[in-house]
Each structure stands twice: as structure tokens, then as C-alpha cells.
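For reference, the structures are reproduced in the following blocks.
Each of the next two complexes has chain A plus one more chain, namely chain B in the first and chain C in the second.
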Partner chain A sequence: MKRLAIILFLIPTIIWAQEPTGKEILEKIDKNMASKSTISTSKMLIHGARQTRTIEAKSWGMGDEKSFTEYLAPAREKGTKMLKLEDKLWIYSPGSDRTIQISGHMLKQSLMGSDLSYEDMMDNVKLLEDYDAGVIGSEIVNERDCWIVELQAKTAEVNYQIRKVWVDKVRYIPLKEELYAKSGKLLKRMELFDITKIGNRWYPKKIVFKDMLKKGDGTEFIIDEIEFDKEIPEYIFTKAALRK
Partner chain B sequence: MIRFLFKGLLRDRNRSLLPILVVTAGVTLTVFLHCYITGILGDMIEFSAKYTSGHVKIMTRAYAENKNQVPNDLALLEVNDLISNLQKDYPTMEFVQRINFGGLLDSPDENGETKKQGIVAGIAVDLISENSKEIDRINIRKSLRKGRLPEEPNEVLISDEFADKLEVEPGGTVTLITSTMYGGMSIQNFTIAGTIEFGVQMMDRSGMIADISGIQNAMDMNNVCGEILGFLDSPNYDDIKAMNVENTFNDKYSDPNDEFSPVMTRLKNDSIMSGYFDYVDSFVGIIVTVFILAMSIVLWNTGLIGGLRRYGEVGVRLAIGEEKGHIYRSMIYEAILIGIVGSFLGTLVGLGFSYWLQEAGINVGDIMKNSKMMMPSVFRAHITTPAYYIGFIPGLFSVTLGTMLSGIGIYKRKTAQLFKELET
Partner chain C sequence: MLSLKLAWRNLVGAGLRTWLNVIVLAFVLFMMIWHYGLLDGWNQQANKDMQAWEVGNGQYWHQNYDPYDFFTLEESHAKIPEALNKATTDGIITPVLITQGSVYPDGRIQSMLLKGINPDQKVVAIPGTDLNTESEEIPVVIGRRMAKNCKLQEGDITTIRWRDVNGTFDAAEVKVVKVFNCNVPSVDAGQMYIHIKKVQEMMQAPDEATMFIIGEDFEMNETVSGWEYKDFDFLMTEMNEMMKMKKVGGSFMYVILMLLAMLAIFDTQVLSIFRRQKEIGTYIAMGMTRRQVVSLFTVEGAMHAILAVIFIAIFGTPLLIWLMSVGMSMPAGSDDMGIAIAETIYPVYGAGLIIGTSLLVFIITLIVSYLPARKISKMKPTDAIKGKIQ
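== the complex of A and B ==
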């Protein structure tokens, strides 16, 4: 009887010990997805209220701080380049031969008409630094068992005060994320599909973004090719590269 | 009886001339004031119509629902065909394309890097077509401060204050960063043709006027526009005409089940203007009512004085045996006749003045030249249907009421005292 009581007492403790904390989950996501550098070609299918547009681009990225994107299609966008260095963003337009720094309210504008904003693309938020993370439950998403991690902002400066992330319990990759305003209003939803093993990491080949305040059926971001940890010449991440 | 009283009016001018002159003057003022106020406030409405609302406005249903956000992604397509159909359906009206847009305006330094940048609120109108009346319609010639009007699609006007902020002068280049109607990034260079002063704080802070073809090109809106404004052929907004156009258009072109089908709203139903219409109606009503009341007191007094001045006459008539009721009634009939004649003459003169002011107008351009306001430079009266009868309210009723009140004294006079009164 005494032994049974000890077992019954220990069961919840064992189960409790198996559930990682929010912080541990975020660290594992980071470990799975972060890389020194990425080179990718991708396309965005923007399902607007009237029509669907496809935008093709090639991107070079160095950590979270530096990225360079060149738009390849359609003809109107071809040659447009975007450079992100830390929290600064420049756009080069071949039509006007101007390099423009995007700042202030423009960062909140839609990126190429998609459901993403420039701010979303910059995504300089350090989740572990700017949010308190806690596991609030688990749920099945796309037939995968997921932790639901809720992130509450520590400061008012971040764009989304509450985030909910559904994280695959085995592969430690987010399968769904919802971004909320302070009022609790759902602003954006992101769903990740085609989770593929690339090298030693799991990576989504397709992400669907939906701006909940916008008409249309969202934006599909499809990665056609991606390479990790390749050497990228430093000159790519300079303003001079925009005009080349 | 009427003929008798009318002869009395003509033959006994001492008795009737002054009351008629006072009634005529009062009614003239009432009619003129009504037309003048209606005209000035109507001019303000007309100005707003020319600038933003049109007498009627066509948008897609989806655009109309979110028009405060200026959703150019929901703009009207194939507008050239639509406008040519409209010109056939409503040949006396004029239809023009407009695009409202927002974004960033960026001025470059000598290396092409951003020197200054600011949020811009712009309006695109047809500035350069040969037959376009838009420059005069929105009165930008008067508001020009530096440079000249645009002559090419890539030339724009920006507010003087905004130009100072961006450190650009006419002839300089600015880059408009905005979205195409499909949401893509649009970065387009424009030349500053001139600077203007809007007189509206928000527009002076960040306003821009561009030619519609330049903006259509920049925003990938070829043969597309956000709004089509329609103007009736009458100089002032006519709600009944506009309502007819609205109903026939919506019956023919609008489909409630298609959010991209065009829908027409008339000026009075415009969300901003409907409040102003109510305000104008109340404002005109209050001013005219106060004035009518004031005039009524004056004319009532005229009636009273008229009655008192004839104290002796009434005494003699009573002394020779005329019935009190008969005297009282005849005085009231006389007052009515004076009221009708005075009101008629006053309305005629008031309408005459108003007609002159409606046609010629008062040019306040010189007085307002330092105000830098984008507002009508000529104020005009406007003759409306109520102007034909509004003067009769103080003119007829007040004189009659005044006479009725003063006439009550007839019944208080005692026959035994009449001769004593007459002797004195």
C-alpha cells in the first residue's frame, strides 16, 4: 500500500519532468532552425481579393542580422532589391534608380502586397529576450502532437504582445503561430507545411501567412531551394550591392 | 370690399405708404438674407463636391465600404469604357477620374541617397489633358505659391510647407514610394512643377496633387481609378436630379452580389457630407427663423402703430354709428392687403437683388488673397423655392397680428366718451 502511494505520488512528478518549459522549447527550436547562413530561392503566391500574384526571389542571409533579396519576377518587380542590416532596411528600385531606406510607418506596410509587413520580414525580435514563454497545453496540428507555447511580451515595444506557437513535440519545429494584439485580437496567423529534413535540421518548405485584417486568402511562401551554412561574400550585404 | 380697400390704399397714401414701405423693406431683407446664406453655404458644399465628393460618386461596392482606408486594390476597372457609357447615358453631366493615394515622399541628396522623407497624402486628377476642367474645378491656380502647373504626367504639385520640409524646390526630383493596386511596391520619381498652399492643415503638412496618368502608371492602375466623380450641369447641387441619376445608374450597373460592381452615391448620402447637409439645413433654418422673428416684431410694431395712429378715425367712425366689429374686420382686411402688397413687392425686390448676386457674385478673391485658403473666391446667392414664399411669413402674418392686437382697443372704447375724446 505504501509502495502504491509512493508510485501514485511519483507519476505526476515524472510526467511533469517530461514536459519542457517554454524557454527550453524555444531554445530547441532555435537549435533546429538557426544557421550561420542561408541561400534560398523562393516564390510568394499572394492571394489577393481579385487575383493571385506570384513573386519570385533569391535571398542571401547571414544569421538574423543581415539579409539581401533580389526579386526575379514578375517583370514589374524584377531587379528590385532589398537589404536588411540589423534594424535597417533599404530598397533599390531599378525603375527610379533610387535606394530608399524604409523606416517608421512604412515598415508596417505590406511587403509586395503580401500578408507580411516589412516589419515581419525584419523580424528582429529575440523571443527569449522580449517574451515570457509558458506551455499552456498540447494539441494535434496536421496529425502531429504539439506543445502550445504562449509568449507574453515583457515590454510594449514589440509589435505583437501575445504569440501562440504550436511546436512539434518530436521535431521541435513550429507548425502554427498566431500573433495577437494587446487586446487579444488575432492579427496574423502562420501555418508551416512540407516539413522536410535538410541536413540535420527539420525545415518548412511552405509557409502560409494570413493577415486577419486583410481581404484575400493569404500568402503562400514556398521555398524552392535552400542551402545552409554556405560562404557568402561580405560585399553582398552592402548598399553598393543594391545597384549592381 | 377688396376693391374698396385697395382704392383706400392707393388714395390715402398717408395711411398706407409707410406700412407698405416697412413691410417691403423687411420682406426684401428676409428674402435676400435667405438666398445669400443658402448661396454661401451651398458654395461650400459645391466646393467640397468639386474637390472630393462630386455631385455623384462611383466606386466599387467593396471600395465604398472601406473608402476611409482608400483601398485602391478595390478600385474600378475598365473605367474608360464605363465613362464613355456614362456620357451616353447622362450627356449633360461630366464624369472625371480621381485616385486618392498615400505613401512616402522621399527627396534625394546629391548621391541619390535619402535626404529627407515624409508621409504623403495625395490626390490624382486630370491636370494635363487639353479639355480638362479639373485645374479650375479644384481651384489650384489660385493656390500656386512657387513654380507652375504640371504639364507632363510625371510632374506634381506639393504643399509649400511639405516642400520646405523635404528641402526641395520647383524643378527638383522627389520619389514617391507607395503600393501598386495589386499591393506591390511602387517607387517612382516625379518632378516638382510647383508648390501650393491648400489652407487645410493636414494637406499643407503632407499634400500632393499629381496628374492622374502619372499616378496610374506609378500604381499599375492603367484604365483603373479609385473613384469617378460626376457633376450635374446645374451650377448648384440639385439633390432631386442627383437622386434620379443615382437610382438609374445603380439599377443599370450595380449588382449587390458582386463586391466589385460599381455603385453610385450622391453627395447628400456621402458619409461626411450628409452631416454637413443637416448642419446647413439647421443653420439656415436657425438664422432665417431668428431674422424672421426680428422682422416680425418690427412689422408687428408697424401694425400696432398703424392701429394707434388711426385712433381718431376709429373714434369718428364709431361716433357716426359704425359697428365695432365692422371697423375691426375692415382694419384687419386692410392689414392683410398691406401685408400681401408689401410682401409681394418685398419678395420681388429681394429676388431681384438675390438674382443679381446669384449671377454676378461677390468676388472675395482680393480680400482672401492672404488667407491662402482653398475655398471659393466668388460668393453667390442662390434662389431656392422657399425664397418665393418665405417673406410672406413676417410680411403678412406679423402686420395682421399687430393690427389685430391694436384693434382690440376698439372694443374698449365707450360711445359716451367719444365726443369728449374727439373734442380734445
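== the complex of A and C ==
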């Protein structure tokens, strides 16, 4: 009887001990997903009101700060290149043979008609640095048991004051993320599917972005191939590479 | 005097040819007066409308504000300066706080400017009183063009998204409480008006403004640090420049019409001199100098212009007055070009316009009449009297 009492007393403590903190979850996500570099080929399916457009691209990335994307299809977009260096973004258009820097209100515009804006691409947010994370519950997402982690901005200088992330309890990969306005209105939703083991990490091969204020089925981002931690020549991340 | 009488008799004697020339010249003159009057009317109306709706009697801009560069908006707002505080409280000037935002009418995204105005201001004609409406959603006032572009009507509720001064996204539901009609697209297209206090709250910029619109009773007596004064003429520069361009553009048509009319006068003169050689010889034989004969033919030609002016005075004036009273209806959508234009433009004919245009036509006719008449001075009177072709 005494032993049973001790067990009953310890159960909440054991459960408490098993539930990681928001910070720990974010650290584990980082550990799983972060890489020195990535090289990927992908498709972006933009579901419009009348039709769906598919844009194929090859991307090179170095951490969160540097990325270079070359669009491969359709013919209209072929040869268009995009270079992101920290908080600066340039686009090269082969039609006009010109490179333009996207800044100011142009950043608010949609990326090739998708639910993503250039601004979203520039979002180099450091979740651990900019947000206080707390676990607010559990939920089943895509048949996986998830922690719901709520992120509250530490400072006023972040794009989204509130974020909610649904994180797979076993694989420590986000399966859903919601971005909220300061007023609490849901602005964007991101859902991650086809979680695949690549090397020693779990990685989503399909991400669906949805601007919740806009009508439509959102934009699907499908990764066909991805390689991690490959050497990428430094010249790729230069403006000169845009015209090559 | 003799040459004038003679010229008149010769002109009348030429019959239909004279009257055809006069009618063509009168038509050109009429068109020039009417068109320039229309542009002057448009200019006056646009000036009046822009003053009433947008520019007031001048403006103070935040030193970083550039209306043609939206990038400056993030950095171009500051607390209402002390020097303008009293005038703002008295309602002599009115502050406007501007930021960028997006509106999602029926799930479509559109960029726009969010403008915070004082609902009770009387400096410009934007109807702000409806912004005091009690509503769960934020009450907004929009113009006809914005309503048309976004397919919004009074009573409609839609979502807007903006970023505060820290760059944080925020969104809220707004209710269109008033759709106003105005002739100035720059206060209407792509803009949404909200209570300035609300915009200050939304932007986290309490008591701040981007610019001030100055009313009639404001006396400009000091410079305000951090703010730049823009007078009425400066604010109207673009409109005035555009009107000048329009006048120059319109002039090409009149140059062509004038060329045709002058060609007719020139031909008439050449033909007269050719056919009236015997007459020229007789004039000289009777004692007129060559110069007097050249003058006679020049006056004959120039009289076409005088007759055209008289013709316009008799037949054109009632038509011009009638056109001034009914105005000219502009086709639907003309104001979508982004310039201030009323639904009906009423021409304005100033004395300068009428006298100037008539004088211009007269001088050109005089020159064109003189050029062929110069040939007379080279004629031999003996051959001329015999009617020999020279």
C-alpha cells in the first residue's frame, strides 16, 4: 500500500520530467534540421483561382544567411535567379538581362504569385533568440503525436509576435506552424508532410504554405532531391553568379 | 484708306473663294479658342479640386517624406511639433499619418496606403465624420476608385494587414462606413482613411504625423525644425506642368490646321497675283508705287483673318458661350489615368486667350499674304499691263 502511494505520488513527477521545455524542443528541432549547407531541387505548385502553376528550381543554401536559387521551369521563368545574402535580396531576370534588388514595399509582393512573399523568404528569424517558447499542450497532427509550442516574441522588433509550432514528439520535426498578427489574427499557416529520414535527420519533402487572409489552396513546396553539408563554392553567393 | 476700300471690294468681288478661306480660318480660330479654353477650364477646376481635397493652402512634410518613394514612409513620421500644436488643436491645420498596408477584399491581396486623418477636420473635403461611427470593426472611409478596385461597398467588412513601427505584422477587420466621390484620384486610389488616433495606435506611434495640410487661416510665420514647408504652387507644380504639356501637345493639331488654312490663303494670293497681272500693271501705270500694290495685296490676304474674327464674333460667340455653360462630359474612366479631372469640364475663355489667339492668326495670315505679294515688286509694269506671264 505504501509502495502504491509512492508510485501514485511519483507519476505526475515522472510525466513532468518527460515533458521537455519549449526551449529544449526548439534546440532539438535545430539539431535535427540545421545544416551547414544544402543543395536541393524542388517544385513549387501555386494553386491559383483558375489553375495551378508549377515552378521548378535548384537551390544552394549556406545556413540561414545565404541562398541562391535558379529557376528551371516553366520556360517563362527559366533562367531567373535569386540571391539572398543576409537581409538583402536580388533577382536576375534573363529577359531584361538585369539584376534588381528587392527592397521596401516590393518585399511585400508575392513570390512568383505564390502565398509566400519575398519578405517571408527574408525571414531569418532565430526562434531561440527572438522568442520565449512554452509548451501549451499536445495534439495529433497527421497521425503523429505533437507538442504544441507557443512562441511569444521577446522584443517588439520581430515580424510575428506569436507563433505556434506543432512538433513531432519522437522525431522533433515541426509538422505545422502558424504565424499570428499582434492582434492574435492568424496570418499564415505552414504544414509539413512526407517526413523522410535523410542521413541522420528527419526532413519534410513537402511543405504547404497558406496565406490565411487570401483565398485559395495555398502553395505547395515539394523537395525532389536534397543533399546536406556539401561543399558549395563561395562564388555561388555573389551577384556575379546571377548573370552566369 | 484707299487700299483698305480697294482690298475690301476685291475680296468681296472674289466671292465664294474668299468666304471659303474665311470659313476655314474661322474654324481654326474657333477650335483653338475652344480647346485652349477647355484646357484652361480643366486647369482651373483641377486646381480648385486639388486644393479642396488634397493640398489645402500648402503642407508641412516630415523631412524624410517623399510621396513618390514609399520606402520613405517607414522613416517619415514624428511627434506633432510644438510650433504646430496650437494650429492643430484649433483645426487650422490637420495632421495626416501615413503607412503602407494590404487589404484583402474577398480573399485577394492589394497594396494600399493607410491614412490617418482627424474625423472632425475641415481643412480638406475628405468626409471624415463617419470615422466616428461606433463599430466592432475599425471604421474606414474610402473613395470611389478604391471601392471599385476592391469591389467594396458601404457596410462591407474586410481585413487589412499592416506593420507597426517595429516591423511587426498586425491585422484587423475594417468596415467601410463611407464611400466618397471626388475628382482627385491621388486622394482616392489605393487609399483607406482611418481615424488618426487609431492609426497612431495601430502603428505604435502616438501623437505622430507624416504631414500636415494647411487651411485658409493659417499664417506661416516660422520654420518648423524637422518639417519642410511646401507651398501651394510647389504642390501644384506637377499638375501645372502636365497642363502645359497638354497645351503643347494640342498645339500640334492646330499647327497642322493652321498650315492647311495658310496654304489656302497662300494659294489664293498666288492665284490672284497671276490672274490680276493686268490690274497690277494698271495700278502702277495709274501712279501707285510697287510698295503700295504689294500692301494692297497683303491687306487683301490679311483681311481674311479679320473677316474670320468677325465671323467668329457673330456665329462663334454664342456657340462658345453655350459650350461654356453645358461643359464637356468626359468619358467614363478618364480620371483613372491618375490626374484630377471632373466628370464635366467647363471651358474658360479669358480676354488674353481670345485676343492672343486672334492676333496670332492675324499675324500669320499677314505674313503668308505678304510672301507671294513680294513678287509684284519684281514685275515689269509694261509687261504686266499687257498681261504677259512673268
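One rule holds for everything that comes next: the second predicted complex is superposed on the first by the 237 of 244 C-alpha atoms of A that agree within 3 Å, B and C clash if a C-alpha of one lies under 4 Å from a C-alpha of the other, contacts with A are read in each partner's own complex, and residues count from 1 in each chain.
Basically, contacts are C-beta pairs under 8 Å (C-beta built on N, C-alpha and C of every residue); 3 or more make two chains touch, one makes a residue touch a chain.
Small disclaimer: the values here were computed from a predicted structure and weren't measured.
Chemist: Will chain C clash with chain B on chain A after the two structures are superposed, or do they fit?
Modeler: Partners clash after overlay.
Chemist: Tell me the contact category for A:Thr80 with respect to chain B and chain C: first, second, both or neither.
Modeler: In the superposed model, A:Thr80 contacts chain B only, not chain C.
Chemist: After the superposition on A, what does A:Asp211 contact: first (chain B), second (chain C), both or neither?
Modeler: The second partner, chain C, only.
Chemist: Based on the superposed arrangement, let me know which partner A:Thr69 touches: chain B (first), chain C (second), both, or neither?
Modeler: Touch partners of A:Thr69: none, neither chain B nor chain C.
Chemist: Report for A:Asn32: first if it touches chain B alone, second if chain C alone, otherwise both or neither.
Modeler: neither
Chemist: Which partner does A:Leu187 reach: the first (chain B), the second (chain C), both, or neither?
Modeler: In the superposition, A:Leu187 touches chain C alone.
Chemist: Quick one: is A:Glu157 in contact with chain B, with chain C, with both, or with neither? Answer first, second, both or neither.
Modeler: In the superposition, A:Glu157 touches chain C alone.
Chemist: Is A:Gly48 touching the first partner chain B, the second partner chain C, both, or neither of them?
Modeler: Only chain B; A:Gly48 stays clear of chain C.
Chemist: Now for A:Ser110: first (chain B), second (chain C), both, or neither, which partner does it touch?
Modeler: Touch status of A:Ser110: both partners.
Chemist: Please state which segment of chain C collides with chain B in the superposed model; the candidates are 117-125, 225-233, 279-287 or 315-323.
Modeler: Only one listed stretch clashes with chain B, namely 315-323.
Chemist: Residues on chain A in contact with chain B in one complex and with chain C in the other?
Modeler: Looking at chain A, the two contact sets intersect at 103, 105, 109-110, 215.
Chemist: Of all residues in chain A, which touch chain B in the complex?
Modeler: Checking each residue of chain A against chain B gives 46, 48-51, 53, 55, 76-77, 80, 91, 93, 95-103, 105-106, 109-114, 215.
Chemist: If we count contacts the way the header does, which residues on chain C are in touch with chain A in the complex?
Modeler: 70-71, 100, 102, 104, 106-109, 111, 159, 161, 163-164, 166-172, 204
Chemist: Inside the complex, what are the residues of chain B that reach chain A?
Modeler: That would be residues 62, 73-74, 103-104, 106, 108, 112-114, 117, 119, 175, 177, 179-180, 182-185, 187-189, 220, 260 of chain B.
Chemist: Spell out the residues on chain A that touch chain C in their complex, using ranges where they run on.
Modeler: 103-105, 108-110, 153, 155-161, 179, 181-183, 185, 187, 211, 213-216
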